[in-house]
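Note that chain A is present in both complexes that follow, paired respectively with chain B and with chain C.
Our next item is the complex of A and B:
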């Protein structure tokens, strides 16, 4: 961050929370806390927390490695180990990191897992990823929670039943066994209440982009905002506190009519409002963001900030329907929605947040979610007559981020938006 | 005062410049090969466009007269060819000096003497040949650049030399050509035109002597000049030529585009994306166009435009430039033929060999294997051309398909075999009623769009 960017209280708060998390992980052996490896989309952090266990998210480690310019080395390590060039780079980065001693973003060693919890299967690579982890940590119990895909665009009672059964019969018993604690519904109830409170706050926060200028960037800054809710703090009073603080800071910006804070400084003029589909590139995150900043583009909504849970449609963890709401949460994640649902959601956001354009950043090494993106883009273009753009990069493999090519395409995209604005005036 | 606007398209292979008037009419075109020094490339293209504009204005000035007196037209065309030659000659002299200098610095003793001797010999052979090809033949209008022309002649000559000289002669060529290409040479229009008129006088005098009593001269226009008339023709044109040479061709505004646009010495708001410029240019020429395909040196763009010529969406090749103009260049090298020969030979094919590789380098390996297996060269070339178009079609599909009229632009649109497959595949995929537009200025569409943006920006400012 530039010298002149003032650190907001929420930023400090978040840094402390994440620092504390990694410290807890570093001390897990001494404190006797058990460690669960799991994924962000459809994560059961409330349930894990109810057993006093700690969470490790391999894809978060991978993206952090990407941002810290470590992923290149880790990916090469995994390729030496036999993984092909086409394999998901999150997987390779994560495996490479483990092969290199599993040192986390704060420099502390990440403890080995006591349980591998695969609670989401919309991405088929996740299955293979955990198969690899099983090999790296032989003997570690694996709990699999199969999440049915929303093939018909709805969650039926049968689907929920199916998931609840898995939780009761397999996941919870394994957690009891690993943690040595009995499942405590009352404890989970309190945690879920906090989750719902946090979810209320995050919806309010991402809704502030309705303002012009938008006080926040819902993609580049958005990935920081979703940090606490996605990496294990959902269900804590701490998280609710963080989001309340963040919300009040944003409200202050709205009052003052200020644009988003970026690493380059405050965005002075909002020229374009975009909705973005697809994760950002992590290895050149700052350069990538700057390309948008330089062109005065603010992202008013992004699907990526919904992969860890969709709350805008009203879903909340429900203290009165413990396992049912956990199941519905898993099934409701953005990446578990069918293409039509995703398009409908994006279309609604384009309208709600008055976007000038829609952009896809497609991921070279992600087969699961790059499929269908062109179709989604075309559908939105036809339905709303909105200018669309398509770029390609990668999550954490720096070899797939070509700065000049992306810049060239983005420049064309923004000039195209500029022209269209002239016409519509 | 009339206003003119300049558009420059700095592409990866060629740099183009277009000058338009206040009605978006093209008045001047300039093109050269892009080289290490972008500024020189752009400056050469710009100067060429300005010179070209002066000739255009001259013809316009003469208006109807030129229609009634074909000898005027012929004479001006001849001047243009000589004009080209004089510029070529100047650079060729620089090149000769550079070769000699490099040879003196690179070699010693016997080999140095042999090399310098042969360089001089080559130039004394080649120079009159080239002069004749420019002035009497069609070399000036062949769309070839200095490097292409000189290297072809030079290589022809060094192949005739002792084998031991091949390597040193090639080495000094490689060392000398780039600096000479990157050097800016000053030309004065008026001076060059006068010199051209002088050379033409010689030409006609000789021809008149040769053809005295014969009727086997090329055609009527020339005949008219020759039958003792050339002095009259140049005499009556001179005042017009003087007027045009002194005509104030100030550029009111300019816009740069192309992959090298960021390097152009233009203000930021005068730099535009080539996507927008190609689309705008193509749409100006063919107003019913809704889909534009541009295949350039290193990228292929599929662009959708609206009724105003503004882009609604686009798709470009990512990560790999196989299937672009450079691919053809590479293939031409593999076959040791010139780029211009590729298309015509591919058109002679009986069938298209199947080329699987999406990688240019691997396609090269495939080509060699096919040649070994006895496949006909024309069939392989046809396959290669088809594969380029197939890649382009996939981008078109990604950008939303072909809508209404389809316009094909960029340097590759000059290749007849590519055109054939574009026609075939557009018809197969989008129906036979899609109109396909190709324009002789297809390579200039980006520069044209840029010039048109320059005019509009200038109107907005004022």
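Our next item is the complex of A and C:
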């Protein structure tokens, strides 16, 4: 009972935070707050917040539309508008939503942008997305922050310098102009300190999957856990408070030896521990999760929860290196790491979290994730001798979620894991 | 056989030699030479040329390479070109290549660089980031660093140091190359029957795999022929084709478009060879910077470059008008986010400007052209009829 009350507390906190954000967005015109449209990977939440502006993340809108079963209609709308069936469905879903009045998850209209901040990390489609947005919102200023790719598996001082200069030369002046406020380094410093504190907590939370049974699911529940930092709360005391609460709830579960809480109830027996690569499917999220629940599979680590920042490797926003630190954050996001780094990171997680298998959920929409996944999978299989599995779906296009196909493939994968367990016994 | 046909045939052979014999022969002729393969679209070939290198464009296996292992590297919903490239790499087609450049164009090419790195193909596999910031002090400086990083990799292999004189010389040769290519397009604009689009394609594509000096000779010979009033005009409309800047359509598709009643007066098929519009300064004492400035200020438009402040839709419309085209054909590879996500923007600009267009998708080894032929034929007929009515 007490556990339920505690669990609810973090959930209530999160709900309140998100509700408040959408309320603020709904009131933006009255309050005079400026609105910035930007993306999750490589987001500059802290900088935006330092100018007291509000953030809208088109991918979050798209994923929420997927969960609310609206994406089908929006995607078709964008296709009617001329978009191909073949391209990223996040873009189409978002454009369809805008063409349909831009109504957010709370039923309120999301305000138009005052600034389009194209700080894109690890994906070229963001660039195309914004070119389309620019046409939908003509005349809105655009600031661009180009994040160099870690092609050689490193962040060089030259790369950081390039980003800092862009921030100084284009991004910050545009934010000053739109917000009417001067850049305030002291304010940003305080915000970055909160970010670092939050990031400490995030690492601790995702590290609890080292326990057996794992007290959390680092993929399905993980996407909820990263929600607050990915929608702009990184850098706030609220976020730190939320994560502290969440961590103490999880600690309680560890003490009691409990498995993860799922929409189907608590997972009683942890049969398989998996590391998953690739984003989840949103349109059938619950069904998707249930497939794993039914088989007693817990995800102990996932690359998707690192898409908005990789903190496990030690990165923290640094209040003493303001712009450098923002730049390094952008460059460090998961899809901005080269394939070798991605494989090394996944291999480490498989070892650290004692996973029994590795699974790829390959997303039709997303070349940034998908291109190279098959080689990554084979490399991990060879390197660690671990069973690997492969399923395909899409983020928000329900036409590409085939329940029976995924179920069949997962069943074969779990059979393989079962046999492996028997042999090792 | 006419001289022109002979030249075109020679170029066709070079274009589709998936074993790059001409490049290999060139390398064998002198110690210290290197071959650097580069993926679509644009790469500043001058810097390779200046350090005893031959930059060789890699455009995949097209419809001439059977895919056996490539499909095991890519899901079905990823475009076709990378599977052909990895197939070629794993079956020894790039045996004498020293290194590979993956210019920033999209996530598929970007991740392909990692696949080359992980598979240990070549002495280096470098993803080359192009700046999306177009100021000299920021984007320009970054781009110079990227070029210097490529140069240091080559120096490690052959020990050749870049000199100002050599690079200025290389720039001069590529300036000439672009000038000759543009002259071919200018002639074809008013007299497209003098050189078919297929032959033009082969002539340009050959330039990706042979030394620029040799290609310039071919281009001069071609020009000598087509400056004359040869061939007979036919009743065809003039079109610009766009979207095919990376994965190349099979040549039969280009032929189909021509046969269905179109003269192709401009295209982005060999966009990299025509990327810089005009000359790069070849007299400066900092030629790497000159290349960078040209990239920042003289680049053509492309789906891989963010176009804020200089919309590509306007640039495409200007190009179509400049070429006096009757319409635009948007032909993009299936699953190509960069090309396909541009289409609604382009289509809208065409609607606003009352420019007629059609859209279709292809993949590099498409074998059926009936539907495309009908679509293009209907497009061409409608324009002809429309013009008669008007």
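One rule holds in what follows: the second predicted complex is superposed on the first by the 417 of 425 C-alpha atoms of A that agree within 3 Å, B and C clash if a C-alpha of one lies under 4 Å from a C-alpha of the other, contacts with A are read in each partner's own complex, and residues count from 1 in each chain.
Definition applied: a contact is a pair of C-beta atoms (placed from the backbone, for glycine too) under 8 Å apart; a residue touches a chain by one contact, two chains touch by 3 or more.
On a predicted model such as this, the values are computed, not experimentally measured, just so you know.
Colleague: Of the partners chain B and chain C, which touch A:419 in the superposed model: first, second, both, neither?
Modeller: first
Colleague: Please indicate which partner A:12 is in contact with in the superposed arrangement: first for chain B, second for chain C, both, or neither.
Modeller: A:12 contacts neither chain B nor chain C.
Colleague: By residue count, which of the two partners contacts chain A more extensively, chain B or chain C?
Modeller: Partner touching more chain A residues in the overlay: C.
Colleague: Touch test for A:88: chain B only (first), chain C only (second), both, or neither?
Modeller: second
Colleague: Where does A:351 make contact in the superposed view: on chain B (first), on chain C (second), on both, or on neither?
Modeller: neither
Colleague: If you stack the two complexes on chain A, which partner ends up touching A:374: first (chain B), second (chain C), both, or neither?
Modeller: After superposition on chain A, A:374 lies in contact with both partners, chain B and chain C.
Colleague: Just checking: does A:402 make contact with chain B only, chain C only, both, or neither of them? Give me first, second, both or neither.
Modeller: first
Colleague: In the superposed arrangement, does A:392 touch chain B (first), chain C (second), both or neither?
Modeller: both
Colleague: Return the residues of chain A at which the contacts from chain B and from chain C coincide.
Modeller: Of chain A, residues 364, 374, 392 contact chain B in one complex and chain C in the other.
Colleague: Quick check: in the complex, which residue numbers of chain A touch chain C?
Modeller: The contact residues of chain A facing chain C are 81-84, 86-88, 91, 118, 122-125, 127-132, 134-135, 142, 144, 146, 148-149, 151-152, 158, 162, 165-166, 169-170, 335, 338-340, 342-343, 362, 364, 367-368, 370-375, 379, 392.
Colleague: What does chain A use to touch chain B in their complex?
Modeller: 364, 374, 378, 381, 387-392, 400, 402, 405, 408-409, 411-412, 415-416, 419-420, 423
Colleague: Chain A touches which residues of chain B in the complex?
Modeller: Residues 259, 272-276, 306, 308, 310-316, 318-319, 398, 400.
Colleague: Going by the contact rule set out above, which residues of chain C touch chain A in the complex?
Modeller: So the residues of chain C touching chain A come out as 72-75, 77-78, 82, 104-108, 110-115, 117-119, 126-129, 131-133, 135, 137-139, 141-142, 145, 303-304, 306-308, 332, 334-338, 340-345, 347-348, 361.
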